[in-house]
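Next come two complexes built around subunit A: one with subunit B, the other with subunit C.
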Partner chain A sequence: MHTTVNNHADASIVFNNDEERVNWHDKTLWFIREKRDKASHNIDEWEALRNNASQIKNNVLSNLSQYLIEFEEKAKANGVIIHWAADAVEHNKIVHSILQKHGINQMVKSKSMLTEECGLNEYLEHNGVEVIDTDLGERIVQLAGEPPSHIVLPCIHKKKEEIGELFHEHLHTEKGASDPQYLTAAARQHLRETFLTRKAALTGVNFAVAETGEFVVCTNEGNADMGAHLADVHIACMGIEKIIPEQKHLGVFLRLLARSATGQPITTYSSHFKNPQPHQEVHIVLVDNGRSIHLGKEDFRNALKCIRCGACMNTCPVYRRSGGHSYHNAVAGPIGSILTPNMDMKKNADLPFASTLCGSCSNVCPVKIDIHDQLYKWRQVLVKEGYAPATKKVSMNMMGWVLSSPKVYNFAGKSARWVLRNTPFLVNNKLNPWYKERELPEAPKQSFKEWYKANRK
Partner chain B sequence: MGREEILKRVQQNQPALVSLPNIDEIPTAQNIDVVQLFKEKLELLHVAVFEVGSLEAIKTTILNTYTSTERLVTTIESLQDIASYIQTVQEDAHSLENVELAIIPAHFGVAENGAVWVTESIVQYRVLPFIAQQLAVVISKQKIVANMHEAYKLTAGTTYDFGVFIAGPSKTADIEQSLVLGAHGPKGMMLFLLP
Partner chain C sequence: MNVALFIPCYVDQFYPKVAIATLELLEKFGCKVSYPLNQTCCGQPMANSGFEHVANACNTLFVDNFSGYDYIVCPSGSCTLHIKDHLHTDKHSPAEKEIRQRVYELTEFLVDVLQVKHLNAKFPHKVGVHQSCHGQRGLGLSQMTELNAAPFSKPGALLNMVEGLELITLDRPDECCGFGGTFCVAEEAVSAKMGKDRVADHIKHEAEFITAADMSCLMHLEGILKRKKSATKVIHIAEILNAQ
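And now, the complex of A and B:
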């Protein structure tokens, strides 16, 4: 995985150095949140859809082992080859071995957050396989040598001028050109040649149907289909939680997914892959990578219901102002902050604190994951397990001592007011992060308790 | 690989069985003009909609738009005098790379989102509706359903090797959220509505 600064707060400082860009990022994502609102308000039964989607996913999690067996059986009967991967390393090895078997060293890949999670691109490149990401946003960040910053909008952190510069360097577009129409046309030309010459295509999976063994891939660009239909080998990688019981349940999820993601009523393409084409091999890699353990955590298992729409990211006041890279994981934002501590508590201990707990994420979630409650619960687990940052631990212990004794509390209040009135520089300084971009109001001379005592008649 | 191990751990860790909801009880809008709604959604998707009385009218529209030097293909037999007819898969799919326009039928359309359901059996080449520069879809007004729940009632019990809901031309907004039609698939789409 590519990681830069491994702490959300520190990485946010870097992102916030460019105030104009932060404001733009914030507004753009809020605009998408508003489109989501419009699309959902158009559907009278929206809440019924959310309830049903949530209940279907509850059923899936409670019967996952059976559904996985059923899906495997049906997919095999359809002529698909099934692989099971316990972790990221196994996943990467399986994909590589399929390519090796066919003597393939170039592959096209459409969007798959799972392969980002597993670090597949780096693994394959290390083993001499060239991977070209074909989603336009993913291709842009790939050319820039960066990971995606959003699961639906991979290059939402980039300005068109920067993309123009990248394309000038790599695709030989005109210097200084930044018109989205022109740049997209250049990428279309470049990737069309790629699609026509690659023998292997990897796609993600949005939904896998236990009843029929088919899997559904949703895109707007058509890149998954261009890759998969033209290739001799199609590899589809999915987390084991992507299963849904029956085909008719797709009706519920496809009504929710794109409306929640971008405010579209449906993605341009919702492709249902059942049987391989003649002379084509289709492989599905079922990946655990911590999910089966996560399933056992009662307080946190609901996060596995996620359908990766990104609505929680678009609405999050912290995500919008800190950018996806500050979460140092494939899945950023509120949902990433409750998924990633399951995989590595120590490495991701900062993320559940990257939230105001406002609850907006839970309100927009199409499968009703209790995201903000889980963030709060993770904080408690992290502190108990000793993963809270040292400064937070000291201040919390101090606070606990002050709040548990009325005498100490009264004295502390008095001293704090005196300090704020007489020597504000002692607290309002660079060492205190509370004063970053903030001014406190003038401190009163007396506390409410003192005022009440004096004025009570 | 770790199949048994994974399944064992999932079984151990999954919670007590929770029953499935009855999705047929989801209330949906009644008495809607599905054809009107379908047309409205298609316009939002930048699809050019033509209400036509017959296949002849479709031919006229297409001949007025395209020149004889462009490669037009169709999987509709009765349109073979204006486009080369694809009856079955005969060549490598890559040979379709220079198709300017593909004219195909669809099984049905969905009013709530403007999508049409297309399967391998009616396009022959899976890649055809993606690789063509432009796409034209022919469908009867009788074949429009209200929503995705109705749509999956129609696909249930049918067999297909590959099926896709197509809602307009290929598009992207990855560069600063500016909508651009024609990301990798068709740059434009026409839809002919027959009686």
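And now, the complex of A and C:
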């Protein structure tokens, strides 16, 4: 398994050791942000659509239990088997038990961030089930033994030459070949054979409609359909927040999703699954895994509106320059930084600080999650819960003391300026992170306050 | 019109000329300006680091200093936004609410309150505008590229009144510079890289000066420009609007 540094700032230092790669990563994702801008600016009612989506999700979050029960009833009536999982472990066990019942030890899986969150692949492999990811990007990172670095573009951190090498090693393509068309053709051949021989297919769920009991899976590659149509058993896994009330609401969300994600008007495939085909079993696993606790946190519940478009990652100037793996979770970037502290505050205490609070994320969010405000609020919670480093606590208390007393502040300011002017080596050194790539400001002899007293009073 | 001048701590200590330009500019437009001498800081450095609770004494001091004025004007979008959104003390006094409503960033005060239509200023240079995020996305000083909405810019409108000034266009008109308060040292690698990329955009488009409504962003960009020994300089918007 890929090793990650479990601290965003440290992982970012490693990522930034290769500046050329950072430039390439930044430009690639900025290109997608620009495509998103063009696609959204072409729709006059774009901001109204975002408002609608946000309001629909407000309704969902306020009536979630009711919609879930409605969805269960309708889906059962459609012939679907429903499972409820309280957490990741239960989810993994349910999926495994379905496979065991059918004596299946090989499965294809289209993209599902939920199964990444639950660590399903590792669990199944540990229990002797081979899982093949069929989303091309996910297959690439799976071959590399790495987690996805982006929820929509799982291998966005890999250059085509690196993918060529991986394919040469695993799929026996020509050495040195990096032509995307050639590599995609090789992947397609490899995956076609897999699709034809697997008896079980797992897919994610983008939207589950309470009114009808159907669910919708959006892909560009058609891999979810290929898997689900050919398999005897289709397992769809979804977080409980994926519910929308009525079918007509898809018209709002499907218009927003792909435009926000990649700048496409719509995903190539938006597949609706309702009734199982004859001789096929369809299972839906509804997973909580911390979501109902999250729902109870007033300041943070809006994060559950997320439709996993990834727009906040593409626009985030920090994400683009630190890479998805630096967020050490299945969901990276700004949205990951407000979702993951709910799961594990200690492990993810660094993430709400991995932001300048610039606010671009909240502006691109198709469901108008107040992402940057939540980052600020998580910081307060994490410090209060005791997850701030001791050195930071000392310096912040000190700062609070200095800034609450005009006399102390005036003296501290004067002293700091004196040091900068007379003994600059005390601050211009390796111990000062500012100085590594930046000069310090010149220190004037007189502060404004001193000038004001001399000139105006 | 009684105006209190609210000068951010780092501007007071390191960029007094920005505060002087702000004061002179407001005086030119006939404001009666006072500078409360016991002011220190808005408390943002603690709050943004998650230590809102240790800023209580600092906030109380702020309320003591700035109560009773018609307007409070500050040459920083970021500090203004912080006061607007987060000035709270244990006392929950009506004065706090009044301050939150009466605090203005300099350019929005000039455009929205004083309704400035003409400036007697001259600055014959190529200038790139850095949109500081808290001013832009927080206070709404300019339209944001993420939104599908009509463009406008309060700092831009003022800069267009300056004789001889040529505004350059940028590849990324409103990307964050990476300063981010304590982020600039806690996440030094990403912060510095963001700053370098911002500076490169301005230099590519031949800016002689980079200006902004926030000196903190400019302090960060200045640090990078100086390390590069670049000829491009930073200048606060108040200094340009006050330039003769």
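General remarks:
As a convention for this text, the second predicted complex is superposed on the first by the 452 of 457 C-alpha atoms of A that agree within 3 Å, B and C clash if a C-alpha of one lies under 4 Å from a C-alpha of the other, contacts with A are read in each partner's own complex, and residues count from 1 in each chain.
By our rule, contacts are C-beta pairs under 8 Å (C-beta built on N, C-alpha and C of every residue); 3 or more make two chains touch, one makes a residue touch a chain.
Please read all numbers here as calculations on a predicted model, not as lab measurements.
Legend: residue contacts after superposition of the two complexes on their common chain; A:424 is shown touching neither subunit B nor subunit C.
When the two complexes are overlaid on their common chain A, residue A:58 makes contact with subunit B while staying clear of subunit C.
Within the superposed three-chain model, A:12 lies in touch with subunit C and out of touch with subunit B [touch as defined at top]. For the contact definition in use here, the residues of subunit A common to its subunit B contact set and its subunit C contact set are 44.
Those residues of subunit A that touch subunit C in the shared complex are 8-9, 12-13, 15-16, 19, 22, 26, 30, 37, 40-41, 43-44, 46-47, 315, 317-318, 321-322, 352-360, 362-364, 376, 379-384, 388, 392, 396-397, 399-406, 409, 413, 416-417, 432-434, 436-444, 446-453, 456-457. Interface of subunit A with subunit B (complex): residues 28, 31-32, 44-45, 48-49, 51-52, 55-56, 58-59, 61-65, 68-69, 83-86, 90, 94, 134-137, 140, 153-156, 159-160, 163, 180-181, 183-185, 188, 191-192, 195-196, 220-223, 225-226, 229-230, 240, 245, 247-252, 254-255, 262, 264-275, 277-278, 286, 288, 292-293, 295-296, 298, 301. Across the complex, subunit A is touched by residues 1-3, 5-7, 9-21, 23, 26-29, 41, 45, 89, 93-94, 97, 110, 112-115, 125-127, 130-131, 147-149, 151-153, 155-156, 160-178, 180, 182-186 of subunit B.
Of all residues in subunit C, those touching subunit A in their complex are 7, 9, 11-17, 19-20, 23, 35, 37-41, 43, 45-55, 57-58, 60-61, 133-134, 137-138, 144-149, 172, 174-176, 178-181, 183-197, 219-220, 222-224, 226-227.
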